[in-house]
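Look at the two complexes coming up: chain A is in both, with chain B in one and chain C in the other.
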Partner chain A sequence: MTNRIAELRKARKISQAELADGVDVTRQTIISLESGRYNASLLLAHKIAKYFGLTIEEVFLFEEETT
Partner chain B sequence: MKDFLKKTSPYVMFAAAWTLILAAILLGERVPAQINLVLFTLGGVLMGFGAVGIALSRIRLSPEQQKEYERGETDERNVAIREKAAMSSWYWTLYMLWAVFMVIQIFVGGLWGVAISVVIVLHCAFYMVNIHRWNKKL
Partner chain C sequence: MTRKNAALWEQGINCAVVLSVAVSNFPLIPPAIRHPFSLFFILILIAAMFFDYWKRASYSEKELERERRDERNQMIQMQAVWYCHLAEDWILLGAFAVFALFLQDDVIAHVAMCLLAARSLLCFAIRWWLSRKY
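So, the complex of A and B:
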């Protein structure tokens, strides 16, 4: 799963700390989400999408695994 | 109530520690050495927990730092890290106990072998109890 958090955040000129504050997580969590090391829970994904005024699908890109 | 207990427990532990240590000193040779050892050990452990608890309660944080600290406690990534770390620790402890068990069985045997077997069984039993508990909760 990839996400557009860094792209959306930079477009809106929001710092990682501000976003972290807005969705009630630590800045480290935002860093990990942006780098793709950590996948957000459904609750956090919902909070982040709501923060940007978008849907979850618009922020988080689910890639179906190819076998 | 929970908050009250959280605030007072370090002081209670600290006082209990001194009571146990004083009891061990005052009782001296009037009680068996094992009892004295238990009193000193329990006193030492409680003293450690109490002192650390009191020291932590004295740390004053600014409202921002306090908020950041509380956020760190409930942050979902931190929770996931703690869960994964706990799981890894459980496995590592189990491997270590098995290694100790093998060494003891080969070189020492006897009661130590039985003791380490009990520890391994308890280690696994606590795990299964917690799996059952969380299975009901989630």
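So, the complex of A and C:
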């Protein structure tokens, strides 16, 4: 799963700390999400999408696994 | 402003306190070596008190609560507990092998094996209970 958090945040000129405050997580969590080291829970994904005024699918890009 | 993880440092200080208490009272360590650890223990306690004071002074209650609630912190803590559980299993199994095979001390070997069995059973029971709950 990839996400557009960094892109959306920079476009809106929001700092990582401000986003962290807005969705009630630590800045480390935002850093990990942006770098793709951590995948958000459904609840956090919803909060982030709501913060940007978008849907979850517009922020988080799900890639179907090919087996 | 969000600073470095205070909860992680708090756990680190707690570990240092427990370790220094354990070492300074461990009967198998000669007193000559143990006594310097008592001083170390006092220093660790002072550091813990200083850290607690610093934390209260520089972090707001809201920030500390957020760190505790943060889902990534909780995930890391759960993974740490799980790896710790696996490591403890291997340590107990190793202790059983060393005491039973090399040191011929059946009592300690069986205590290690009983602890391993009790832990495994408790883990199974808690997992069963949680699988029913969720």
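Criterion: the second predicted complex is superposed on the first by the 67 of 67 C-alpha atoms of A that agree within 3 Å, B and C clash if a C-alpha of one lies under 4 Å from a C-alpha of the other, contacts with A are read in each partner's own complex, and residues count from 1 in each chain.
One rule holds for everything that comes next: a residue touches a chain if its C-beta (ideal position, glycine included) is under 8 Å from a C-beta of that chain, and two chains touch if they have at least 3 such contacts.
These numbers come from a predicted model, not from an experiment.
**Student:** Since both structures carry chain A, what do chain B and chain C do when superposed there: clash or fit?
**Tutor:** Aligned on chain A, chain B and chain C clash with each other.
**Student:** Have a look at where A:38 lands relative to chain B and chain C in the superposition and call it first, second, both or neither.
**Tutor:** A:38 contacts both chain B and chain C.
**Student:** Looking at A:25, would you say it contacts chain B, chain C, both, or neither? Reply first, second, both or neither.
**Tutor:** Both partners, chain B and chain C.
**Student:** Across the two complexes, what residues of chain A are contacted by chain B and by chain C?
**Tutor:** Touching chain B in the first complex and chain C in the second, residues 24-26, 28-29, 32, 38, 40-41, 43-44 of chain A appear in both lists.
**Student:** Taking the complex as given, what residues does chain B use to touch chain A?
**Tutor:** It is residues 68, 71-72, 75-78, 80 of chain B that touch chain A.
**Student:** Would you pull the chain C residues touching chain A in the complex into a rising list?
**Tutor:** 1-2, 5, 66-67, 69-73, 75
**Student:** Using the touch rule from the top, collect the residues of chain A that touch chain B in their complex.
**Tutor:** 24-26, 28-29, 32, 38, 40-41, 43-44
**Student:** Show me the residue ranges of chain A that touch chain C in the complex, using the header's touch definition.
**Tutor:** Those residues of chain A that touch chain C are 17, 20, 24-29, 32, 38, 40-41, 43-44.
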